[in-house]
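Pasting the structures here.
Shared chain: subunit A. Partners: subunit B in the first complex, subunit C in the second.
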Partner chain A sequence: MHSPRTAYWFLAPALILYLAFVAVPIAQVVGYSFFSWDGGRLDQFVGLANFARLGSDTVFWAALWHNAIWVVLTLAFPLLAGLLLSAILAERRPNTVRALAAIYFIPRTIPLVVAGIIWGWIYNPIFGLLNYGLEAMGLGQFGHAWLAEESTALLSLNVVGAWTFFGFCVVIYLAAIQSIDPSLYEAADIDGAGWGAKFRDITVPLLRNSTLFLGLYAAIEAMRFFDLIWVTTQGGPGYATEVLTTHVYKTFFLVGDFGYAAVLSVVLLIIVLSLASLSFWLLRSK
Partner chain B sequence: MKTTTRPIQTLVLAVFAIYALAPVYLVVLASMRSEADLFSGPLSLPWPFNLENFRRVWSESGFSTYFWNSMVISLSVTIIVLLTAPLAGFAFAKVRFRGREALFALFLAGLVVPAPSVIVALYGNLQALGMIDSRLGVILPQAALLTPFSVFMMRTVMQDVPDELIEASTMDGASLIRTFVGVVLPVVRPGLMSLMLIVFLFSWQEYLLPLVVLQTETLKPITVGAASLQGRYGVDYGGIAAAGLIAFAPLVLLFLLLQRSFVRGLSAGAVK
Partner chain C sequence: MDETKKGDGQMKRIALLATIGLSAGQVAAQTVVTQWDQFSQAGITAAGPAMDELIKTCAPALGGAEVLRTVAPSIGIRDSYRLAVAAGKTPDLAYTWPAASVLAGYARIGALAPLDDYYAKYGWKHVNDFYRGRNSYEGHIYGLPMEQDLMGVYYNKALFEEQGIKVPTTYDEFVAAANAFKEAGIVPIAFGNRDRWPATNTFSLILGLTAGKQTEEQVFFGDTPWTNEQFLKSATVFQDWANNGWFPRGFNGVGYDEANALFLSGRAAMTITGTWVIQDMIRGSGKIDLGVFMLPPIAEDIKPGTMWGEGSQWQLSATADQATKDAAAAYLDCLVSDDSRKIWVQKGYTVPIGTTPEELSEWGADPVVHSFFEQGLATPDTNFYDLHTTLPESVTQVLYPELQRLAGGDTTPEEFLQAMQTAWETAIANGERWVP
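Moving on to the complex of A and B:
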């Protein structure tokens, strides 16, 4: 209907920006991963030699494991909480829904850096509110140096991640619940079905697409996140909260090992792009 | 049955509301507490209200500058995205041209690219371009990283514009760009509003790019400033709380005022 050539002019500004600062750097990173480096300069082509180092890099495997744990915890807690809360909210008055959805969503508007700082303070073993609260309830023996102990650090940080994420799940689920045909619930009421039965047999199955979307979104975010870890533990204690992004950052900026930092970046990209094509394929093929 | 489940459900709603709000509430309390009041416990109301912490971080620790820098960076990114993404989204939604699917897939791939994985090459490129330690070195890559999401969202928005509207305008002899500015943009104003808010939010929240690109203290945005304050003062929780509040208050206010636009934008990808 229009001269198609104009379309390229419409695309050009966004495309140039995207190519210059995202697509081309990605191509470069892939290229860099096949070279050895000498003091910040390309040295020589070494094929897959940089990649071969992955096998013996225990920090890499620990980081990958932590990313995986993060995915599972996100699916188990904020996603499930979002599903439950939105199902409860669906039967409340519109004003209640609007107010509570806003409250649940507020943490997501807070920058992750600031969230990390706030929670770092709550978790502080000496001045922190969590230990203070436990003490006040006579549960002082359950106090921990939450972010400084290997056994609690990753889990404690995940609570922060969940804090910023569950409201988003509520919002997405609510939008989907509102499109469910109310006559389904009415029919179930007539059959005498309780809340639990309606939740299990109507809400959960009909929200499958949203769950799929949120699950894959959570998985991709779990591979991408950096700020929260960097501002709280920087991957420590030891390597207890190391994730792929912090490993890339340290390898590049602190160790200066450009070739291997490129390898880690490529691995990270392969994982998120596979997850993205999986979600694209799953959400389309229905 | 009904009578027992409902109170439990209300309890669940309340517990999660406390989970969401308690940290924010505690930060507000701590930010207004004077040092003398420190030992009356973290949950007691600070009295008298004390704005000394805000004054200190705002004028002595450089937060007026950090705040201004965040404003400049976020607004610049938002303007760049608003000038580029709607055009591209429109082309993808309404014009048939060769390579459309391939180009769209190229953008789509960028939707999930983590900034840390690009930084390895981007950092050297910015150095070569002389953009390290300049605002432009943060603004351009940040706008570029937000482009895939923005183009994707704009394509969804533009698809809802009726074809007849566009045809009627071009039949009258208006060029495509004229039609776009005069007919299409006014129709999609709510979508543009959502895009604007979300891009502003994401830019304000960004940490990694300014952290590695900017070295001059007076150029750094508030996320980097807040993180460095934490290291500098160690246990000055009043100051840290005030700084944190300054860093997130604009976003929370913006969200509460324009909730509908925000939510529409954030769920744009999820519905389709």
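Moving on to the complex of A and C:
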């Protein structure tokens, strides 16, 4: 029988690493937010003055709004597409399921920086594949400078985000569907239920936990993403694709306003931690 | 144990220790100058071959010290340097950009060593008052500017001849030329602003040729607001260029390099940019006959001139010890000497400040280099400022997106200038403004 003290000894290495690389840096950033900085050097304690700037920072509110749009769009499209595709795929032969699941998952394995470069070429207003394809089909009038127009830039980038995420949804949903008891579908067949009825009354309800997990995971990722935006638009044109992470990056690395960048980071941290807490609470309460 | 062998062993140990001790002494005595620069082999500021050669040539000037060099990408070096300063790890010697407000910010927090004594010792008279001012803070000089940057119009001579268009000498002729190219289905100006900063250069040129140097100085160093009439006219002209269809479709989604490639492939008649990319322009101009002209004045009462600046400047860390600073200053004196200027021109396509068109001819500079500098240096009294190497970073980071919106038609010239004025007032209140 081991004493509780022994357990703490076993916990200690992980706890020390967690404190050193997570807790202390977070505390440091929170501390920075209460100071003014000059040229990247600590200047003086200013209390909540940096936080007060949030109210009049129009770029911050625009970025937050874009993050919210991103969350909604991510919840709407990749999850829905993943759910439908996995439900259709689950009824195919095992070899087909394996092959197609692997193909759908490939975009997920591509780093977002690379995905950004690939889609930057596709969307390019001079030699982009998308406009070329539209023109080839006689639909040239629907062509756009996709990432260069305020009206299309965020949506176009969200398509890229969805492209990289939906394969992950397919794989998660597929695994969950395959764990559903087949006798439920057999009973529904005997009762004469069609594919739609089985999908609505069996598959969707029994995938609640997977949907919850994917939804919250997508929401957290949507708050954190940076690389895709940075390699394609850097938040532009204007502020059309500005998100919290790009605003933090510019404020910290380009302007050198460390105090306000820390405030923005703290806000981002609170949002992500809130989503994570909600995620834990919902999944555990089931 | 045999005494002789024992004695031999002791002797060997003593000899080894003596050798180690001697080496350690030599290492300790060795002064190392850490150098950060942006001279790579391609792209912007592709003067790497010249820097490589000059490190060897100028080694004797170091007086036994050694240079430990790090090459950082030219655009990114300013961000890397800022972080190094913030972390208290400022390299002993750095060649970085920009000067003016940003350099003054480093000087204000004591990160840089004043160079007044070295200016007195070595002269460096080729650095005129304009450049000394841009590298000064509160009466002390903190940078040794080297590279001469000018802004001009690169043009495709063959396309001009094909369309029967002469090189414009007035703004009306320039407008007529751009419209004629557009009518002919040729992109008049290869402009790409996905990287956010290129519009700043284009707008700086328009601003200087519309508002003039004097009005610029009244705004930058005086109390005149950004929302003045001349600046409004400049912003309107820039937006008109975009509205006229002179830029490629979706220019806010086209990269700077892609725009240059569009021009060098012969699909655009002109591109308006600076000498910092002249190396790539010359190397890539196999398919076109490259020429350069200066954009004529836009407003009637404005004299000819162009946007100029020092590109980047050498600066010393305040934390370097005296021996290191002295060695670095002597090395810098070699880097900007007459002999070295010749190497910068010949091997780096980079024209140091103080180099005359006559010297360029004598040193066999590429005709495009010669033409660019001959025209640009002909108007030293009316040449004007580059915005993003003059304004504080906080204002620059408003300028970039606002210019994208202005060119994209997402904001009006009035709204653009109001946004700039707001950022400007905040920067002044925070003590970020640089005044020479």
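The rule we apply is simple: the second predicted complex is superposed on the first by the 267 of 286 C-alpha atoms of A that agree within 3 Å, B and C clash if a C-alpha of one lies under 4 Å from a C-alpha of the other, contacts with A are read in each partner's own complex, and residues count from 1 in each chain.
We take it that a residue touches a chain if its C-beta (ideal position, glycine included) is under 8 Å from a C-beta of that chain, and two chains touch if they have at least 3 such contacts.
Just so you know, these numbers come straight off a predicted model, no measurement behind them.
In the superposition on chain A, contact is made by A:T233 with subunit C only, not with subunit B. When both complexes are overlaid on chain A, the residue A:L129 reaches subunit B alone and has no touch with subunit C. In the superposition on chain A, A:F280 contacts subunit B only, with no contact to subunit C.
In the superposed model, A:V204 lies in contact with neither subunit B nor subunit C.
Of the two partner chains placed by superposition, only subunit B is touched by A:I106; subunit C is not.
Contacts of A:E149 after superposition on the shared chain: subunit C is touched, whereas subunit B is not.
Within the superposed three-chain model, A:V255 lies in touch with subunit C and out of touch with subunit B [touch as defined at top]. Put subunit B and subunit C next to each other and count what each touches on subunit A; the higher total goes to B. Touching of subunit A by both subunit B and subunit C, each in its own complex, is seen for residues 253, 258.
The residues of subunit B lying in touch with subunit A in their complex are 1-2, 5, 9, 12-13, 16-17, 19-21, 23-24, 26-27, 30, 41-42, 80, 83-85, 87-88, 90-92, 95-98, 100, 103, 106-123, 125, 140-141, 143-145, 147-148, 150-151, 163, 166-167, 170, 175-177, 180, 201, 204-205, 207-208, 212, 223-224, 226-227, 230, 235, 237, 240-241, 244, 247-248, 251-252, 254-256, 259, 262-263, 266-267, 269-271.
Note for the complex: subunit A touches subunit B at residues 1-11, 13-15, 17-18, 20-26, 28-29, 32, 81, 84-85, 88-89, 98, 100-107, 109-115, 117-122, 127, 129, 132, 163, 166-168, 171-172, 175, 194-196, 210, 213-214, 217, 220, 223-224, 226-227, 230-231, 245, 248-249, 252-253, 258, 261-262, 265-266, 268-269, 272-273, 275-276, 280.
Touching subunit A in their complex are the following residues of subunit C: 79, 82-83, 85-87, 105-106, 108-109, 111, 194-196, 248-254, 258, 262, 393-394, 396-397, 400-402, 404-405, 408, 410-411. Partner subunit C is touched in their complex by these residues of subunit A: 38-41, 123-126, 144-150, 233-239, 242, 250, 253-258.
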